[in-house]
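Each structure below appears as structure tokens.
Here come two complexes built around chain A, the first alongside chain B, the second alongside chain C.
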Partner chain A sequence: MNFSEYVVSRWDTLSLAAAEHVLAVAIAIGVAALVGIGTGLLVHETPKARNASLALSAAILTVPSLALLTLLIPLTGLGWGSTLVALTAYALLPIIRNTVTGLNGVDATTVEAGRGMGMSRARVLMKVQLPLAWPLILTGVRVSTQMIIGIAAIAAYVDGPGLGTQIFEGLSRLGSVNALNATLAGTLGIVVIAVLFDLFFYAVRQLTVPRGLRVRH
Partner chain B sequence: MAADTLTADILGSEASEGAGVPGAPETAGALTADRARPSRRAARLRLLLTPAAVCAVLAALYAWVSAQDLDSIEQRSLNPSVILTKAAEHLEMTLAATALVVVIAIPLGIVASRSRNRIATPVILTAANLGQAVPCIGLLVLCTFLMGVGFQTALVGLVAYSVLPVLRNTMVGVQQVDPALVEAARGMGMTRGQVLRRVELRLAVPAILAGLRTALVLTVGVATLGAFVAAGGFGELIINGLKLNRMPVTVVGGVLTACIAFLIDWLGALAENVLRPRGL
Partner chain C sequence: MFDTETEGARIELRALTKHYPGQPAPAVDNVDLDIPAGELVVFVGPSGCGKTTTMKMINRLVEPTSGEIRIGGKDVLSLQPDELRRHIGYAIQQVGLFPHLTIGQNIGLVPKLLGWPAARIAARVEELLSLVNLEPSLFHDRYPRQLSGGQQQRVGVARALAADPPVMLMDEPFGATDPITREHLQKEFVRLQKRLRKTIIFVTHDFEEAIKLGDRIVVLRERSHIAQYDTPAEILARPADDYVAGFVGQDATLKRLALLRVEDVAPVGPPQPTGLPQVAAGTSLREALDVMIAHGSDRCSSPSGVLTYAALCGVVGTGRPSSTGQEPEAVPSLPAPEKVVAGGR
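Coming up: the complex of A and B.
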């Protein structure tokens, strides 16, 4: 059986696994974006809180994924729970860091102008700083997504969802007829998902970045 | 775009933000500026934080394991000789892979940064971004089909996984050196080779080191997957514990791997401080 025959004959399994992969990544990145951007908004002006949140999220990223996933088993069990917690935790650092960098990078005179027009601090934050920082924040979310798409493959080892199951199936049946096909299907499928997510973020960027910023790029 | 990627890069770690990259937007300097403010003594104390925390974790781990009533299966994994062997295997795998990455990626990055190779820049940036999504476990298993199981397979997989980020950081680091400085060096009569060696590479050191440091830390984590292709390392403890339903074995493997990752990250930070050109 060659690769294309394998994909056709296993299409149901593969498409389900791919859909689960996308769903897990989407949920994790959604939660991480909310938490990360929220944290960034709250801490960007207080150096201590900012450094603490950056150091904490960097520390999480230092923990190897297989180790974190297995250490989570006693707490969140096998499967979706551990997968989602680990993926969300890993996605935080790029988002928080880019939010903080973006918000603090807004020209001080622009903020001053907003204040001078009578806007409250919160209004300046939401109406001036956030839109100006948005491209950088979006880049952070994109980088996080690419990263956790790859990590999600390992989650299959703790019974998590997604295309990683195909890779581990190939590994456990090393030498049998479809082992290579399964591994290839899993790996290439994940690459395809990564490309699709990248296109999605490209579209989001085109649609949501304020027009004044787009012209400059 | 390049500056965007570098600041946004998760791999960049603090050091790549603004530090040593004169072309980077001022925005990125905000973080480092705050960090430089506390006195030297506070900085030195913070330097001791990581090893102290790691020691505390290791002590807690030891106390916890000693308090457990280990059965014969656990004893077979959790004894000093096994753990030391695994640690040696893990470090060997990590360091060998990183050494190969240095040899391969840094020269290629320098070549890619030359102006006549500018066409390659967007290709490398995109490939490095998407390459991150290629699952390392898939890469490892595919390598197994080509070369069978074992240490070498894991090594090839690890190298393939971290070559692109290091290459990217090297290229971006060299490209972001202020053109005025290069111009000045040329005006002083330096040859292109001299400019590269004495100006561009020196100024790119922080960016290159930041990339290497992150690659090294990632490699520690990915090396746990080496256990799947029979290359040893702490991954073996994690996997065995999971398969035999012996949680203490898994926990020891996981915590020890994380500790190595933290220590290597800390050593990387030290190296960055020592090797950074004094003017920066």
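Coming up: the complex of A and C.
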């Protein structure tokens, strides 16, 4: 059986695994974006809280994914639970870092002009700093997404959802029938998902970055 | 807020002090100042003298350590700061337009904060764009990045005027533009202020600008101590001390001439449309002098009559060309007129 025959014959399994992979990444990135951007908004002005949250999220990222997933089993069990927790945790650092950098990178005189016109601190943050930082924040979310699409494959070790199962099954039976095809299908599937997510974020960027930030002279 | 007046309100500063923690000396030390309603008062002084800090205490971007501020009789320190700021126009050198909002949205921001109905905001934005000479149909929907520096500063002024505040604070609002644009903006602004009669505090380190714009000038030294507070003509004619004289510079008499127009001098004869260098009505005496020097003539003709060099010397108090009087350095040894200030006041 060549590769295309394999894909056709296992289409149901493959498409379900791919859909699960996308879903796991989507849920994790959604939660991480909410938590990460929220954290960034809260801590960007207080150096201690800012450094603590960045250090913590950086520390999580240094834990090997296999170890983190295994360590989570007693807490969140096998399968979806541990997968989602781990993916969300890994996605936080780029989002928090870019949110903090973006908010603090807004020109101080722009912030002062807002305050001087009688906008409250919170209003300046939400109506001026957040929109101006948005392109950078979105880049953070995009980087996180690309990162956890790969990590999601490893979730197969804790019986998690996604295309990782194909890869690991293939690798463990290497040399036997369809082993290479399974590995290849899983890997290529992940590449396709990564490209699709990137296209998605390109569209989001076009739709949500304020026009005033995109115009040229 | 200030009795709903939109024409100027009087500003009073009493023993106003700002002492930043951990600093040996206060940044602003015990300032007493009365700014009459409807006047444009320029704070001028070297960098770091506390002029901007003093100004920012008035809209409480900087909270005073002690002292009192009253606008139109109201105690500013008892008001809610955000609410206070919505009733004080604020324009800064870097303009600080919001790049993600259109020009119309930028100008309409304070009225929106004040809860004006949309139709009234739209009408006001149109009016203000016309007021600062930007064609509303062209600029309303553009974004700040699509505008030149000079256009952005006009929008900055329009934004500060948006809610028709009785008081405006302006921190070098024309500072970031090239000299030609700046001069143009200054002239426009003087014309605008003649109509609007706001109480304006205008901060600059450029004494020329202070003379051109100010009804009165406050010359500040370090810690915002007032060296002199008077009209431009008075400061030029009688600087209080060496510090102020240093600020005025070596060409005080020329600067005084720039404040006066040909109409301010009694002509020695009827206009002579031929044979003499001609100057237009409304020309400053400094420009008239420049014309005379350029033509090697001791007189020139304007629509109001013939003007002589002796008459020019007369108005600035030296009496005759070969002065022995108070300002021996000024008139007889004329500096080269390379930096002619176009009058326009």
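Just so we're on the same page, the second predicted complex is superposed on the first by the 215 of 217 C-alpha atoms of A that agree within 3 Å, B and C clash if a C-alpha of one lies under 4 Å from a C-alpha of the other, contacts with A are read in each partner's own complex, and residues count from 1 in each chain.
The rule is short, and it goes like this: a residue touches a chain if its C-beta (ideal position, glycine included) is under 8 Å from a C-beta of that chain, and two chains touch if they have at least 3 such contacts.
Quick caveat, the model's predicted, so the values are computed rather than measured.
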Side-by-side fit of chain B and chain C on chain A, or clash: fit
First (chain B), second (chain C), both or neither touched by A:T110: second
A:V8 touches, of chain B and chain C: first, second, both or neither? neither
Partner chain in contact with A:A203 - chain B first, chain C second, else both or neither: neither
Partner chain(s) touched by A:V177 [first = chain B, second = chain C, both, neither]: neither
Partner touching more residues of chain A, whether chain B or chain C: B
Chain B and chain C, minimum CA distance [Å, superposed model]: 17
Interfacial residue positions of chain A with respect to chain B in the complex: 47, 50-51, 54, 58-59, 61-68, 70-71, 73-74, 93-94, 97-98, 100-102, 104-105, 135-136, 139-140, 143-144, 146-147, 149-154, 157-158, 164, 167-168, 170-171, 174, 179-180, 183-184, 186-187, 190-191, 193-195, 197-198
Interfacial residue positions of chain C with respect to chain A in the complex: 59, 61, 82-87, 90, 92, 94-102, 109-110, 113, 143-146, 159, 169
Footprint of chain C on chain A - complex, ascending: 107, 109-110, 112-120, 128, 131-132, 210-213, 215-217
For the chain B and chain A complex, residues of the former touching the latter: 4-5, 7-10, 13-14, 17, 25-28, 30-31, 34-35, 129-130, 132-139, 141-142, 144-145, 149, 217, 220-222, 224-225, 228-229, 234-235, 238, 241-242, 247, 250-251, 253-255, 257-258, 261-262, 265
